[in-house]
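In the two assemblies presented below, subunit A is common to both, partnered first by subunit B and then by subunit C.
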Partner chain A sequence: MRPPARGAAIALGVLALLGVVAVLGPVAWPVDPDHVFDAPMLVSASPSVAHPLGTDPASRDVLARLIAGARVSLSFGLLAAVVALGLGTLAGLAAALAGPRTDRVIGALIDVGLAVPRLLVLIVLTAALGRLPWAWLAVTMGVTGWFGLARQVRSRARALAAGDFARAARALGAGTRRLALRHVLPNIAGTLSAAAVLAFAHAITLEAALSFIGQGVPIPVASWGGLISDGRAQLWTSPWLALAPTLALVTCVVAAGALADAIERASPWGRVESAP
Partner chain B sequence: MSDSTPLLEVRDLAVHFHGRAGVARAVDGVSFTVGAGETVAIVGESGSGKSVTALALLRLIEPPGRIEPGSVIRFEGQDLLALADEPMRRLRGRRISMVFQEPMTALNPVFTVGDQVAEVARIHAGASRADAWARAVQMLAKTGIADADKRARDYPHQLSGGMRQRVLIAMALLMSPALVIADEPTTALDVTIQAQILDLLRTLQREAGSALLLITHDFGVVAEMAQRVLVMYGGQVVESAPVRELFASAAHPYTAGLLRAMPRMGARRERLEAIPGTVPPASAWPSGCRFRDRCPFAWDRCATEAPVPAEVAPGHVARCHLVSEPARRAAATTGATA
Partner chain C sequence: MRGAPLRRFLAALARGLGVVLLVAVASLVLMHFAPGDPLGTTLEGANVPPDVIAAWRARMGADQPLPLQVGRWLGAAATGDLGYSVSMHMSVARAIRTALPYTALLGLVAIVLGFAGGIALAFAQARARGRALDRWLGGGALAVWAAPEFVVGLVLVELFAVRLGWFPSGGAMDVTLGGDAPAGVVFADRLRHLVLPAVTMALVIAAQVGRHQRVALVEAWREPFIRAARARGLRERALWVHHAWRAALGPTIALAGLSLPLLAGGAFVIERIFNWPGMGSLAFQALADRDPHLALGCVVAGATLVVLGGALADVAQAAFDPRRAT
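For the complex of A and B:
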């Protein structure tokens, strides 16, 4: 094994740090994110020792809400990525290996899925389904986000299945399942993990976009996107309200992008030609 | 060859590729037999249809390729083309197996070689992980790999080309199949390794009692290994004969040309002869005889009438009009040897 690329290590470190904040944050900063501190006045306080990032217009502690938002946004991204990865891998493998008819059906589905703007689909879906709890919203995000991944899996799987070692395996009696599990999947692990990391980042960004038009994770649950949306009205008077969650979201998405990039370039399993 | 039914009987095998630009008749009416334990060589240039024939025997032709109706492949008394997919899959690697040409890419880079040999036992013998591993190591040792138990833990990229070819042979012969197809098994290897690999193939083949269908373009390999030869050109078998007979008296001008193009120890000739031209694409065979554009003896009959297989001597068949025209044939052979 070659040493991991430095970029990948840094990106992974940043994401791990965000994960630690999400998991251990409530222990380090045990403040209820929904608690209203100054009930009658409902003023947005500036940063202070009691509230390092101030309070929002509903007089809630912004740091506590940022930590709560990290929990929601990261779980949201993970859940959406897992769903997209599962569906995309299954569909891509089926298209490549289960025969020309399956390939045509899945191929058409992918073309349509990629042609229709995803944000539009999500807006229509959330409008039709009503306000979904965040986990279901994440599943919906995954269900609408596997098309690109499936296309990648399909083309790589097709090339691998037509390649020498898959053909040799078939000549020795390997069936479709064995072909998929032994000869295709392990050889596209790099592509898959890079695509999954990207799906994670996309889901978080899209949730922020939905929050902006009031269709995101429902209040009072805090997500980074929701916090940005809550804070934008006070951008000139209390900029930290929107800037803190924006910074968190951008850091997370940029780190994920860098990680995906590094995986794709450095992965020993990324390409067929290279050996581990 | 046994006197009863042969191990493998191929009759009128046709494999056509139905592309947008037309139909490529890669294999077109091939018939031959292989007896139990026998070694038969298929010789021909690239594009002659020999590899497609091999893949067709395993039913591994991918669309747009298709084994055409009317083709017959009988193996161990079974009609392979009538067999359902699942029994056909169980046949591959167990009764018929194949050694491929490219040892550098025919192994999966993410698994150890021992694991890949063991996989064959897991597929066919339902062996447990430990049993399969033990069989794999034993088989690798048989292929002459020293410290087989250690080497089995190596990944393909840690082994040389010759070693990898031994691994592929171990995979193909693990189940002692009745028929092993070897597609140019030594072409990608260094000359010094080639003889070793051929020896190994022959030893293991004898031990398992397998028949060997050896695909090659190298008459040296044919002389070394085979009892009978099929010469393919243009998707057809143009000549078939016992090895000695073919070397002594090739009847088809193509075979004669191939033999003259072979370097020979102690030959006084300064330059090797080459057959002029190249194999035409399978979508555009010439009318009549497919070799006529490159044949030094072609006359008008060759353009109008496709030759059918004709017996030259018992067990020796050639697809050439010369066979039925002894006068021309005599002139042609004296002309060729002059």
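For the complex of A and C:
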């Protein structure tokens, strides 16, 4: 295999493994992540046979919470990425193909969206809307994260629409929708998948940042970011609390980043901008 | 074509002004419909007669119809008046003027360190491309890029502030230092406070810059003009620095433009960790105290810098890239 393909295979393997842990983890380790074992005695216990990753300050099993966190964090990233990908593709294609007036409106929207720090927008929104359940927080994350993707889609689609095969398709009577779906979209699939993978990784990291500020996935639902934030006070006394979710998160994001890199390298158009 | 870059910059700036206006109007409209009050949480729980509150609200213009509020805010903002921050007990403009230098100092040091580190990393990787050193450095950069920045910050705090005690864990200065302390001591104290937040931010920036720059360098290295320059007898080092790097600088300059907002509130999380009294902390306080005028000021200040950074990067990119030179 060529190096990009091998890198992509490893990255995909790691992500798939994390997915399997999220799906089958509760079967393999059937411990309730919210169960309090022995509140005064078994608080922040070190790893043992009964609790392979120890217990947290509320005497809950860290491994069970890590698995529950994987379910939440991975679904969170997927949901946010799907929303961002859908909105970004739609807006980008519309801007590039639906005429100059649409282009101006969407272009202004993209500029405005990119001009405000995303974390700030998210914090303002969570402050205004109250604590959101994790799925809605993920949707909000997607809704605030499609601007960079839309700009990429727009510039690539615009270049493609000016190309020979698009002109030929137009001449053969293809409408805007057919042009977008059958001719432009397949040609930007590589860019889109790389951008979607990066959006997935960004959403998980951003949720962790929100958790750190106290605006992430609300308790008692476990997310990797929430677990890291919970464990950071005991970083030296009980390092397993923060270490396990940090490793899980970093592994996941590294794999996603490597996968996006491999897709970009395999595609002939060069790099995808990662949103700031 | 001397005037072209300037004209380009002004055009980008004019567009940017429109963007900032849109951001301000959108935020004002959002603020109007979001729950909360221009008086924030200041009067919450206090036993204040309703007519006094009404009088204050009227004084702040909160009882007027939305279009009028928007118009008034924009009109005042044009003269540099961004409203009054109830939680800070000062004008928003003054609060921003106090916080901005801290953020600018931190951001500037971090951006310089981060770009220098990232570019050095990319050179080391590109020259060792395909070898083990390239893979190890790349893996390290990928891990730093992937870790949430607060994890990077917390690890540095635990290590260098809590364990080793080399640097303070937060704040921008030692408040117990009297006003009569010698300038050298004050300077050293400021520097010690700056190290950890700046290094945290620089690491995050360097990881991203390095990833972009390495790809661009390796790509440029394959271009025919490198072979041509090599045929003219140039040394390896000169080839990398004067030819490959110059061609590979474009994406890095774009990235530098994108990182300019770090100077005005992008480093939200890092400022929180290190309790750094900059724009990020100000924005956080605005939200914690539900102080809408202050929040609005922070958002508009942030958007202005984003736009400025984009315009500067656009011009710089055109000026540096020999292929785009006119």
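Keep this in mind: the second predicted complex is superposed on the first by the 259 of 276 C-alpha atoms of A that agree within 3 Å, B and C clash if a C-alpha of one lies under 4 Å from a C-alpha of the other, contacts with A are read in each partner's own complex, and residues count from 1 in each chain.
Keep this in mind: contacts are C-beta pairs under 8 Å (C-beta built on N, C-alpha and C of every residue); 3 or more make two chains touch, one makes a residue touch a chain.
The model shown is predicted, which means the values in this text are computed figures rather than measured ones.
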Simultaneous placement of subunit C and subunit B on subunit A, clash or fit: fit
Partner chain(s) touched by A:112 [first = subunit B, second = subunit C, both, neither]: second
When both partners are placed on the shared chain, which of subunit B and subunit C touches more of subunit A: C
Which of subunit B and subunit C A:250 touches, first, second, both or neither: second
Partner chain in contact with A:213 - subunit B first, subunit C second, else both or neither: second
Vertex subunit A, arms to subunit B and subunit C (CA centres, degrees, nearest 10): 90
Which superposed partner A:191 touches (first subunit B, second subunit C, both, neither): neither
Which superposed partner A:152 touches (first subunit B, second subunit C, both, neither): neither
Minimal inter-chain CA distance - subunit C and subunit B, angstrom: 13
Overlap of the subunit B and subunit C footprints on subunit A, listed as residue numbers: 274, 276
Subunit A-facing residues of subunit B, complex: 58, 60, 62-63, 89-94, 97-98, 100, 102, 105-111, 119-120, 123-124, 155-157, 168, 171-172
Subunit C residues touching subunit A - in the complex, by the definition given at the top: 15-16, 18-20, 22-23, 26, 30, 34-36, 142-143, 145-151, 154, 158, 162-163, 208, 211-212, 215, 219, 251, 258-259, 261, 265-266, 268-269, 272, 283-284, 287, 290, 295, 298-299, 302-303, 306-307
Subunit A residues touching subunit C - in the complex, by the definition given at the top: 108, 111-112, 114-117, 119-120, 123-124, 127-128, 201, 205, 208-209, 212-213, 225, 228, 232, 235-236, 246, 249-250, 253-254, 257-258, 261, 270-271, 274, 276
Subunit B partner contacts - residues on subunit A that touch it in the complex: 100, 162-165, 167-175, 178, 182-183, 186-187, 269, 274-276
